[in-house]
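Both complexes below contain chain A, partnered by chain B and then by chain C.
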Partner chain A sequence: MEAVPARSAQTASPARRRRELVTGAVLLVLLALLPLPIHDTYTRNLIIITILFAGLAQAWNILGGYCGQISLGHSLYFGVGAYVSALLLTRAGVPPVFGMLAGGAVAGAAALLVGWPCFRLSGHYYAIATVVVGEIFYLLFLNWDFIGGATGVNIPYKRALGESWLWMQFRTDKLPFHMIVLGFAALAWLVAWLIEGSRWGYVWRAVKDDPIAARSLAVRVFPSKMAAAAISGFLTGMGGAIYAQYVGYIDPDSVMSGQLSILIPLPAVLGGVGTLWGPVIGAAVLIPLSEVSRSYLGGSGRGVDLMIYGGLIVLVALLRPQGLASLLAWRRRDARAA
Partner chain B sequence: MPALLEVDRVSKSFGGVAANVEISFDVRQGEILGLIGPNGAGKTSLFNSISGAVVPDSGEIRFDGQRISGLPPEECALRGIARTFQVVRSFDSMTVLDNVMVGAFARHGRARAAMKLALETLAFTGLASRADTPAVSLSPAEKRRLEVARALATEPRLLLLDEMLTGLTPTEAQAGVALIRAVRDRGITVMMVEHVMEVLLPLIDRAVVLNLGRVLTTGAPGDVVRDPEVIRAYLGDRYAAA
Partner chain C sequence: MSLSLFLQVAVGGLLMGLIYALVAAGLSLIFGLMDVVNFAHGELLMLAMYATFVLWQFSGLDPLLLIPAVSLLLFGAGVAIYRLLIQRALSVRFNRGMVQIFVTFGLAILIRGAAQFVFSGEFQSINKSWLSGRKLDLAGVFLPLPQLAAAIVCLIAFGALLLISRTEFGRALEATREDRDAVALIGIDRDRIFALGWGLGTATVGVAGAMLAGFYYVSPNVGANFALIAYVTVALGGFGSLMGALVAGLLIGETEAMTALFVDPALKQVGMFAIYLLVLMFRPRGLFGTM
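What follows is the complex of A and B.
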């Protein structure tokens, strides 16, 4: 991050933001068209998971990247979103389109509840506290019979309702879910884009770099962290709700495990923390790679694909500590100098 | 001249160390006040109390007639007290312009307005050409200047400068002096802690001398440096008679 100016030029700043928005829109259209020529389910599933993680990593990036509060407990928000939406559907018959919003809202509230005590801790202690909170709730959900405990929640396909966007159930076709996760990732990206250009974006980066200096400039540090956490939690919860609907079955291991708390930030870390394109690029590289390594090497146990994750991150940390997204800025600067 | 800032019997201890003991003085509207004294005299502690970074154990600090001691730093900044830090604290992942925009957002909610104010402030402080430079790659003198720019962007009425000229080359220090004068000419009251006496004395209107946490004397800079008490505090008893 240090080597790359956050804004290329004062006069170019609005122009650059417009360019980013146009790039985002073009990418959105391309990604919407992407599955059309692809008919095998495996690849379509891979693309859906990749886009979902691009959105989740962006949601994490809003708190961890822009505001600098490294959360290693985002599985909690993901799981809460998934459970709230799934339970509203199975227990109360609430359509998942609304359940998704409710799941996001509860996850956002959870992020505020976690933030209230934990943001009083600074630096690494915040990260450690989020790990602990995530694990506590994982165990709670595992033993909470009312919500299915370790058995989880099954989301049945309701034959009577048929294929339905409202109920987010599609029997054979993966295309609708492709559009749903794409909409989710686009929303997360757009929120990050809006934040970047607003007062919050500047203030949050100041909080990340030096909270003491930020306070001397009238920045309210604690409320800034809380706002970032609420937005990040909301989006992560939405992602969890979509995931629940997509796979049709959730249990604490699949939506609340500590591993998920690592997998969500990983694309952002690899692609570039606190950047608009980092999570997108990171997910595009990481998720297909892990999927391929899992399908070819997964037979030997769960370790090998994670070793490749680790190896890749070590490589990026050594060669491009600012993340893969900085490669783009680098080339752009070269092009201008030429 | 009316008092903009009133320091009224302020005491602050850290553990068993009394950093400030019953300190009282006024800062007048529109002046440049120098806060001087040997190392450990309690200058930075007092700055921290005034800017809200620490809460005094006793006594009161009033800004524009209102009690501000005990308020958090962000509230002091909103009321019009800006400060720089002895050890520079720039936002290193951001450009110079972005750094100053953070300050400007104290008064403006919209990015466009904040950017306009920040660019004006950069021009005023002579950093306009560095606007797009990452703060981390500035020279030490430029970083000091950036801190001043960032503080000015909050549109303060009182600017606290903590050793802004220390460690600069004579040329850089003179440029700093010119900047401080220009700040005062804008109607902003300046209170500064400084060690470099030959630079400071011609610049300030009045000096408050601290020693061992107490106010030793207050007055015009020329008188203060001839005060035997002050000479003793700095140089020891042997020089007091000279």
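What follows is the complex of A and C.
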């Protein structure tokens, strides 16, 4: 127990919420224009992956940050979204635009199924149970021949359809995918913004801070966790479907591995858990850093990139436990005023 | 299926289960003491295995003789990790639970990178020792001696841990676990106890690593798999319970072996994870857990 209880459920002033929405809109426009002067594929790809992870971290943040349930099994929802949309496309010819929604829905349902038994557990027991559930499905997918087993699923480029938004296939152009992941991240951010100001947001933060006190105030703890899990799972699954379409090939190692379950929350944790801007800032710092150090130092196979990456995580977590977002001056001013 | 095959697999599961139990005991000790889950636990096991490998290469001593040296090294590593990182992580004012998870996780990546830097990513193994390749024939059931020795050492280590818990130091550990602030009033230095607790936990892993290196390959990524099993074992047995780690380790080892035998070797981990989830449905704090 903490000596000074954390107060997550503070009231954000309407003015501040409006300011955040405007900031979000301005950032959205800037990010939409960002790739226009950039032409090399490497940088464009880097930006797309960064934005995708900002969205995924925000999706995790809804359950892990606002509701306080530290899930370390989000690779399951990512993988389920990717597989559902990819298989609907290759087996049934369903356009990925719908496959993405179906993938999100199945992932959201999966989050409910996982949550039903696991939300009875608290603290570390919950975190480890989610790791284990993720790992079980990774192993099952690896050995399930119907969905391609370890070989995975290949999403072929259909020449007859050409460049198409409905089918989400673009031969070499990265710009459309930039807009798609940006739309996804914006949706995740907007959902978090709506939750932050809604009754649900207050209830969830109460569940996070002190579940027993929340229950004594007639907060229905279990349904709150389930709602957060469903929304978080849905968004994560959508991200998985987009990733599958972007990369064109998925296998259990690339979309369901336990490593991914850490990579998804990491930007949110380092940027600021349970904050609107934490996942965005965390991803903007972390993903380029890890990608660039990997491409410049990782080629030797000598682990220098891993040392830098790991050391950075340790340093940020120790020096900025409240997240990098707290470095922004206006946030500090608000925190002092509150 | 013959009876001797069944017995062979059952005994194999038992021997492996004891190793799992000892790895988990180190993790459980640290958790029980200060409520910190060490996500670098597998990497410490990997370090212990490499330490054994390197010492064996340079000195030519048998891994069995290297146990004291390796566990002492790991004890030092544990104390250093506590003093440099965990002590700070425990004193942060925000998101304490998450800071602990991600500090130890970052440390895990750091250690893995360092191991890759020093040893490269190749698989290596100790191929010459007193016991390697030898088997004990028990009426048609063959016990590989390195595994048997490892299991015996694990039991001895468990005995030692139980003895330590009865000493003055063990009682100080218990008191600090109960109330970390109150112990200061009776002259116990909390940070010193925590540091020693970390040392003891990692030294336990040192023993397990030294024994494991005698018959298992070493690579920078070897820890991840054992770590996952260790978390499951600890949660199944109940965080902080030594007895729980032992029982859960054996249960996990047997389940793994039986799933491989009766279902599919590729799904052996699914079996142990499923048992864990099943038990958690009925005992949300594990078999012996109170926290």
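We take it that the second predicted complex is superposed on the first by the 312 of 338 C-alpha atoms of A that agree within 3 Å, B and C clash if a C-alpha of one lies under 4 Å from a C-alpha of the other, contacts with A are read in each partner's own complex, and residues count from 1 in each chain.
Everything that follows uses one rule, which is that a contact is a pair of C-beta atoms (placed from the backbone, for glycine too) under 8 Å apart; a residue touches a chain by one contact, two chains touch by 3 or more.
Here the structure is a predicted model, which is why all the values come from computation and not from measurement.
Looking at the shared chain after the overlay, A:327 reaches neither chain B nor chain C.
Using the contact criterion defined above for the overlaid structures, shared-chain residue A:289 touches neither chain B nor chain C, since it reaches no partner. Of the two partner chains placed by the overlay, neither chain B nor chain C lies in contact with A:97. When the two complexes are overlaid on their common chain A, residue A:127 makes contact with chain C while staying clear of chain B. When the two complexes are superposed, the chain touching more residues of chain A, out of chain B and chain C, is C.
Contacts of A:213 after superposition: chain B is touched, whereas chain C is not reached. By the touch criterion defined above, A:13 lies against chain B but remains apart from chain C after alignment on the C-alpha atoms of chain A. In the superposed pair of complexes, A:28 makes contact with neither chain B nor chain C. On chain A, the surface patch touched by chain B in one complex and by chain C in the other comprises residues 2, 4, 6. Contact residues of chain C toward chain A in the complex are 31, 37, 85, 88-89, 92-99, 101-103, 105-117, 120-121, 220, 224, 228, 231-232, 234-235, 239, 264, 266-267, 269-270, 273-274, 276-277, 280-281, 284-286. Across the complex, chain B is touched by residues 1-10, 13, 197-199, 202-203, 205-206, 208-210, 212-221, 274 of chain A. Interface residues of chain B, counted against chain A in their complex, comprise 51, 53, 72-75, 77-78, 82-83, 85, 89-95, 97-98, 101-103, 105-106, 109-111, 114-115, 119, 131-134, 136, 150-151, 153-154.
The part of chain A that touches chain C in the complex is made up of residues 2, 4, 6, 70, 117, 120-125, 127-129, 131-133, 135-136, 139-140, 142-143, 258, 262, 266, 269-270, 273, 301-314, 317-318, 321-323.
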